[in-house]
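In this document, chain identifiers A, B and C correspond to the written order of the chains, with residue numbering beginning at 1 in each.
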Amino acid sequence: MSMTTRAIAARRQALDTTRTIPDGGRTLQGTILSVSTVVLALALWELVARQMHSVYVPSVTQIAVTFYHEWFSPTFKEQAVPSLWRMACGYLIAGFCGVTLGVIIGYFRFMFRLLDPVLQYLRATPPTAIIPVGILLLGIGDLMKILVIAFGAFWPILINSADGARLVPRERLDTARIFGLTQMETLRRVVIPSALPQIAAGLRTGLAIAFILIVVSEMIGSTNGLGYYILQAQRTFAIPEMYGGVVLLAILGFLLNSLFVFGESKVLGWHYGQTARTR
Amino acid sequence: MIVEREIILEVAALQKRYANGTLAIQEITLDVRKSEFASIVGPSGAGKTTLLKTICALLAPTAGQVMLHGKPIVEPPPEMILVFQDYARSLFPWLTVMGNVIFPLKKRSDISKSEKENLCREAIKAVGLERFSNYYPWQLSGGMQQRVALARAIAFRPEILLLDEPFASVDALTRADLEDLTLRLRADFDITMLLVTHDIDEAVYLSDRVFVLSPPPSVLVAEIPIPLAQPRDQIRTRSDQKFLELRNRIHKMIGKPKEQVLAEDEEHALATAALELNKTPS
Amino acid sequence: MARQKLLQINVPGISFAIGCIILFEIAARAGWLTSYVPPPSVIFAALFQGLIDGEISSQIGATLQAYFIGLGLATCLAVLLGILMGTYRPVFDAFKMIVEFMRPVPSVAMIPLAILFLGLGAQMRVAVITYAAFWPLLISTLYGVRGIDPLALDVARNFGIQGAEALWRVTLPSALTGIMTGFRVSATIALVVTVTTELVAGNSGIGFYISQMEQANRLPPMYAAIILTGILGFLLNAIFFQLDRRIVFWTPAAQDKPA
C-alpha cells in the first residue's frame, strides 16, 4: 500500500466529527476554570433573563423547573420514548445493512469500482430531502421515520465499512492465503477485525445522523416525538417547555455518545493501544 | 563434504510480467534441497519479493512452473510458508502474541486443541518470547515482532520457510540475533529455508548456497555454494578468509548483466585457482 | 486496462449508474412502481424546465446564499476559537465544558429557537447553518493545532516571530490540513442543514420549493428539486476537494504520490 492510501485512511479518520476533544494534561486549575465558565454563563443568563422579562428568554431556574415537571412525568413516555424507539430501529437497520454490504463491497474490489459513482451521488444527497418522498409513500407513521433514519444513517456506515475492508494491509490478506484460509474465513477472521476501527467510525457518524433525522422527521411529519414536541412548544409559545426539550436533546445526545464511546473502548481497546504507540 | 540431499522445490523457467506490462522476471530456474539454507541476492528492484511470492503461489507466473516434491503448485501449499518483511502489517493487532501464533492452526481439525497450544508454546519458546505470550504485537519492539511472525510460521510446522528480507527493518544488532535465531530454528525444527535479501554478508553467513539475480528483467546470474564451516558464528565465520572471498565475489556480480558476470567471474575463478595452487594445502 | 487508468474515468461504474437509471425508467413506465414515483425521464424534463424558466433556478440562489454566508461565518468563528483554544491552555480550559455540552445538540433542534428570535427568514436559516457548521470545524481545528510539530514554533521564535504574528504565519498554515478536512465536513453538514431548515420552516430556497411542490402535488418538480440537492451536494464536494488539494498542496495526499 502506498503512502497515498495510508494518507487517505488517515484523512478518513480525521473526517470523524464525533471524536472527543483532545484533552491531555488536565490540571485542577483547568477543571476549576472550565466549571466556572459554565457557572458564569448560566448566572449571566439568569441575570439577563430576569432583567428582560421577556417571554422569549426564560430564566435558567424557570427552565429547570419546567424541565423537571415535564420530563419526570408521563410526557417522557409519550414523547421521548417513541423518538428513541424509532431511532433505535432505523439505526439498527442501517447498521446491519451498512456494515454487511460495506464490508462486501470493500473486499471485492470490482464491486467497489462498479458502485462508486452511484454511491458518491446518493451519499451527497441530504437525507432530509427524502422526507417528503417518505411521507408521500408511507404517510406520517413510525415506518416512514424509521426508514428515513435508516436511509440517512446507512451511507456513512456503508462507506466507512467499505473503506475499512478495502484498506486492509495487503500483507494480512497474503498471510491468510498462505495459511490456506478460505474467502469466508478470511472475511470473518481477518478483514472484519482489521476494518473494525473504520466501521466504528462510520457507526458513530451514523448515530449522529440518526439523531438529527429523528428530530427533523418528527418536526415535519409526526404527531408525537421530541422533534414534534419542540416545534409545537415554539408554535404554542410554551417557551420554557421548548428550551426544556432542547436541553433534553442535549442530554440524550451526550448520553448516546458516551455509551457509544464506552462500547467502542471495550471492543477496540487494542486499536487505541496500537495508535497510541505509533504516535 | 556436502551430502547430496533430495531436491524438494523446483523452479523451472519461471517468468513473471506485471499487470502494467513490465517484465520483472525473465527466466529463473533453480532448485532447493531438503534441509538446506539457500539465499537469493540481487539489487533493489530485481523482483526478489515478486519471485518469492510467485514461488509460493501468491502470484501466478506468466510462464514456467514451480514444483514441490515434483508436483506443480497452483495454490499456496501448507508445506511452504512465507514470512514478510513488513511484520507490523502482517501481524494482527487485535490478537496477542499467542493469538497470532495459534491463528493459522485454528482451522486444522486434525489436531486437538491442547496439541495446538503445545505447538504454539514450543514455537514461542524457540524464538525466545515465552514471557510475552499475552502481549499485543504493538507493545513489542520491531525485532520481537519479527520473532512473533517467525513463531507463527514455525508453529505451523512447514517444510519450507520463505523469508522475504525479514531482517531489513531492524537495527544491526537485532539483525545479528535474528540471523542466529533463524539458523537455530532451521537446525531444531529441520526446516528448509529460502531467504531473499539485499545484504550479501547476511546471505553468505546464513546459507549453504547463494543464488545471484541480475537487474530486472531478472535471470539467475550465478549459483554459489558456500562451503563454510557449521555451526556459523557471527565473529568467527565473518572473519574467515573464505567468507570474505565469497562475499567479495558475489559483490562484484551485483548489478551486472549475466554475460558480464560470467566473463568477469571466469577470470576471478581462474585467478583464485592459481592462488590455490601456490599455497600449501591446509 | 492500462489506458483506462490513464483516463481515470470509471467506465464500469458510470455504465452501472446509467444502467440503474434505465432500469428505473422501465420499471416506472411499466407500472411496477407506485404512481407516486414518476419515471426519470419525466423528472429530468421537469428539472430542465424548472432550470430554464427560472422556477427552480431562482431558488438555487437563495439556498446558496444562505449556505455560503452561514458556512463563511462558521469558518471564521471556528478557526479563530479553535486556534486560540488549541494554543492557549487557559482558553481551552475555559471553553472546554461549554463545547462538550453544546456539541451533541443537533443543529436542527435549534430551529424553533431560531424562529423564535429571528422569524421565518433567511436570517434564521443562516443562524442555524452557522451553528451546525461551527462544531465540526472547531474540533478539527483543535486537532489540527494540537498536531503541529512544536519544532515549527521553536524555529519561528528563533527568528523573532511570536504571539499573534506566529499564530497567523506559523500555527495557521501548519494546522491547515486539519482545518481543511474539518471544513469539508462542515461544508457537507451545512448543505444538509440549509435544505433542512428550508424544508421545515423556510420561505425560500430549494428545500422550501420541495415542500411547496409536495403540497401542491406537483410530483415531477418535487423530485427534480430533490435530485438537484444531490447534484449540488456532489458538485460542492468535488469543488471543495479540489480546493483542499490546492490550498494544502504540500501534503503527500494532495500530491497523490507515495512519500
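The definition used in the following text is that a contact is a pair of C-beta atoms (placed from the backbone, for glycine too) under 8 Å apart; a residue touches a chain by one contact, two chains touch by 3 or more.
Here the structure is a predicted model, which means the values were calculated and not measured.
Once CA atoms are averaged chain by chain and compared with the all-protein CA average, the nearest chain turns out to be A.
Compared with subunit A, the chain whose C-alpha mean position is the greatest distance off is B. With each centre defined as the average position of its C-alpha atoms, the distance from subunit A to subunit C rounds to 17 Å.
Per-chain CA centroids place subunit B at a distance of 53 Å from subunit C. Centre-to-centre, using mean CA coordinates, subunit A is 49 Å away from subunit B. Shown for subunit C are the residues that touch two or more other chains, of which there are none.
Contacts from subunit B toward subunit A in the complex involve residues 53, 56, 58, 75-76, 78, 81-82, 84, 86, 89-90, 92-94, 103-104, 107, 136, 138-139, 156.
Note for the complex: subunit C touches subunit A at residues 10, 12-14, 16-17, 20, 34, 36-37, 89-90, 92-102, 104-113, 115-117, 135-136, 139-140, 142-143, 146, 177-178, 181-182, 184-185, 188-189, 191-192, 195-196, 199-200, 207, 210-211, 214, 219, 222-223, 225-226, 229-231, 233-234, 236-237, 251-253, 256-259.
On the side of subunit A, the complex with subunit B involves touching residues 169-172, 174-175, 177-181, 185, 189-190, 193-194, 196, 270-271, 273-274, 277-278.
Interface of subunit A with subunit C (complex): residues 2-4, 7-8, 10-11, 14-15, 17, 19, 21-23, 25, 29-31, 33-35, 37-38, 41, 56, 110, 113-118, 120-122, 124-133, 135-137, 208, 211-212, 215-216, 219-220, 227, 230-231, 233-234, 239, 242-243, 245-246, 249-250, 253-254, 256-257.
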